[in-house]
Each structure stands twice: as structure tokens, then as C-alpha cells.
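Okay, so chain A shows up in both of these, paired with chain B first and chain C after.
On to the complex of A and B.
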């Protein structure tokens, strides 16, 4: 499944999607950024509730295909602009991380 | 970072990279606050660079374009209601950088200090030719290690000699035991 395909599901909202064709091959859930940096895998969708510029940096370093902000967490526009510039897809969902992971699991 | 001591390791590596001959690492615990100060006499940063260090997309690394040392420390401090302040100078007379981080220890999101002894030993072992002054003050007393004093006592024996490293570890263990028992 691509990030674009996920974004077509009404439970997932696009905050920025500069690379819609990136593939989602699995999910990683975590909020401790240094931990995520070492554990999230290439092409995972990373589900988190953290919301600052460091999220974009960690997503860029770990080369995840998408960041999913759970529980309707939002990002300010400056952070979103940086994400767009760096080619990082960011979606949000009202679902909690567990439900979001289950939903995605059923789609890939 | 899971432990503040890993942040300390990260920030101090920047000091060494900036050519510091002495890096002072101080931890002061008082009431519900913890203040971490890392002060070096390295080359310092221009105002222009200083204004970008809190942004993870600024880094001195050449291998990749993202640097998270200061951003993660800032986040760890701010998550507890604290803050980070950085002062730097490139003046010939007083060049160097001082990073000060304030934490509120009673906040639920306070990151534990972790194995600071191991961090100090790792720094000395990795950079035996630069000096470190480590102090940790709590309400019950102070732990202190000054590699300049060690160097005088060792009369030319390198700090990364196996026996010296073992001694430093034991010394720090003893100091912390004394502190804990007070």
C-alpha cells in the first residue's frame, strides 16, 4: 500500500504528502525519538503522538515512508513546511496508536 | 534519549570536537530542580550558527544532514517545564560554549539521569588528551573528578591506561556511595 492509498481512507488526514507514492510495508509505534531512530525500519509508517520539529528529523534519518500522528495530534505550520521541504509525508488520525496500527495492518 | 547521561555524552562530544582543552560538566540538584551545565573552551560558535543549533536540520556532521544533540536535550528539558540556554563566544580571549539545561525532576516526563559514572568514564577513555572537570552536587554533598589533578598525580601515565580507567570507575563508585549514605 502507498501513502496515497492510505490517505484515501477517511480515518487518515493528510497534513503534508510530498511523496505520495512511498510504500508502507509495516508500522512502528513509539514516542521516544532516540529509540525510534534506532528501531523504525525503512518504509515503515511511524505512529507517534510527539509533535515537534525533531519528529521530522527522526523520520528523515530513519527513512520511514510516513509519519502518522495518532489521537488527532497536530503540528504547527512551520514544522509542516520543513517536512514538505524534506520530503516527509505526515498524516494524522483520530485513532489511538493501537487502533491505527490494527487498521493499517488490515490494509497492507 | 532514555537517560540524561546519554544527552550529556552527546553534548560533550561536541565540545571535544570544537577543540576544547577543558570541558566542565556540572550537575546541580536542588529541591525539585536539576541544572546541567556543560562549559567548554573550544572554538565557540558565531551568532549565525548559534541561532540554528536548536534546529535538527543544522549539524556539524558531514556524514548526514541532521543533528539532534541540542534539539533532543532541549526537548527533554522542555518536557519537564524547563529550558535550555546556550551561550557561545569566538573571541580569542574567552572562546567557548556553555550549554545550560534546567529540568524539573518531579515532572512525570523527567528523563532519569541514568548511568552518569559510565558516561564520565567513556568520555575520559575516548578523549584521554583533553581535560574534564565533573561535579555533581546534591542536597547531601558533592562528587568531583578533575582530570587535571589526576594528570599531575599520574606523572605522564596516559588517562586511558587500563589501570587508570579502573581506578576512576572505583573512585566514582566510592564517591557516589558516600553521597548516598549521607
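On to the complex of A and C.
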């Protein structure tokens, strides 16, 4: 499944999607940034409630295909602009991390 | 002898939000060199963790990345407080990061373990009150 395909599901809202064709091959859930960098795999979707500027750097360096903000967490415009610049896809969802993960699992 | 590429960066210790600039720059450079994406991922994550450590603990420092024919060397040098007990610092979960850093999602005690995990060799030289130099190597 691509990030674009996920975004077509009404439970997932696009905050920024500069790379819609990135593939989602699995998910990683976590809010501690070093854990994410240690464990998330290339092309995973990263589900988190963290939304500070460092999230963009971690997503970029870990090469995840998309960041998904659970529970309708919002982003500052500064963070959003940086994500756009760095080619990082960010979606949000009203779902909690667990529900989001099982929904995505059913779509992959 | 094979050609060596050197990239030098100053890591600004005052601006936590811009930490990672050097690692992201290196990621771009290594991509341009056409290296394997997994190697790039390992080098840039290891370097980012080091950069974050320098910002949190040492008011910044200097980073050098040397690209050789068969390996990449990352040298991070700071004049911070030094590491009292390196063995303890290497344990997963051990952290001396302050609370405001933890609230940003850092300080989980995974920085140094990640740097070791993602590199083929890592050496830490540290003297309390003088500074720390971390040298990491990733084989190509």
C-alpha cells in the first residue's frame, strides 16, 4: 500500500504528503525518539503522538515512509513546512495508536 | 592510495530544535555518492544520536565524516563535561538527560546503544571536565 492509498481512507487526514508514492510495508508505534530510530524499519509508517520539530529529523533519518499522528494530534506550521521541505509525509487520525495500527494492518 | 572525502561540521549547542542539521546534510551527501540506503540510514542515525548528545550534554562540538573506499568514519568531538562511567552510559535505559529534553522524546537512554548498534566499530574517549570524542566506523 502507498501513503496515497492510505490517505484515501476517510479516517486518515493529510497534513502534508510530498512523497505520496512511498510504500508502507508495516508500522512502528512509539514516542521515544531514540527507540524509534533503533527499531523502526525502512518504509514503516511511524505512529506517534509526538509532534515537535525533532520528529521530522527522526522520520527523515530513519527513512520511514510516513508519520501518522494518532488521536488528532496537531502540528505547528513551522514543523509542517519543514516536513514539506524535507519530503516527509505526515498524516493524522482521530484513532488511537492501537486502532490505527490494526486498521493499517488490514489494509497492507 | 584511495581518495578520502572529508566533511566537517560545527554542531551548534544552543539550538536544540536545529540539532540534526549535520546528519541530514550527511544523509544527502551519501545519497549523492550512490551508497546503499541501509548504510546511509545507519550512518545518519548514529551521527544524529551523537549530535543530539553533544547538544544535550556538551553545548555542541565538532563532527567530521571521512568517506574511505571501504568504510565511513564519523568523529564527534566535544569539550563538554565528559562521561564519568562509560560502561554505565552504554547501558540501554541509562540517561542523565534533564526533564525538558525527555519531554521532547529524547533522553530514553538509547542514544549510545543505538550508535553502537548501527556501527561496526565504536570507540569512546572521555575525560571528566575535558570532553569526549566518539569515533564510529561503518564498513561499506
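Throughout what follows, the second predicted complex is superposed on the first by the 108 of 108 C-alpha atoms of A that agree within 3 Å, B and C clash if a C-alpha of one lies under 4 Å from a C-alpha of the other, contacts with A are read in each partner's own complex, and residues count from 1 in each chain.
We adopt the following convention: contacts are C-beta pairs under 8 Å (C-beta built on N, C-alpha and C of every residue); 3 or more make two chains touch, one makes a residue touch a chain.
Small disclaimer: the values here were computed from a predicted structure and weren't measured.
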Superposition on chain A - do chain B and chain C clash or fit: clash
First, second, both or neither for A:63, with chain B first and chain C second: second
Which of chain B and chain C A:35 touches, first, second, both or neither: both
Dominant contact partner of chain A by residue count, chain C or chain B: C
Touched partner set for A:10, first chain B, second chain C, both or neither: neither
Overlap of chain C and chain B interfaces on chain A (superposed complexes): 32-35, 37, 52-54, 57-58, 60-61, 86
Residues of chain A that touch chain C when the two form their complex: 31-35, 37-38, 42, 50, 52-55, 57-58, 60-63, 86
Chain B to chain A touching residues, read off their complex: 1-2, 6, 55-57, 64-66, 68, 71-72, 75
Of all residues in chain A, those that touch chain B in their complex: 32-35, 37, 52-54, 56-58, 60-61, 82, 86
Interfacial residue positions of chain C with respect to chain A in the complex: 16-17, 19-20, 23-24, 27, 37-38, 41, 44-45, 48-49, 104-106, 108-111, 113-114, 117
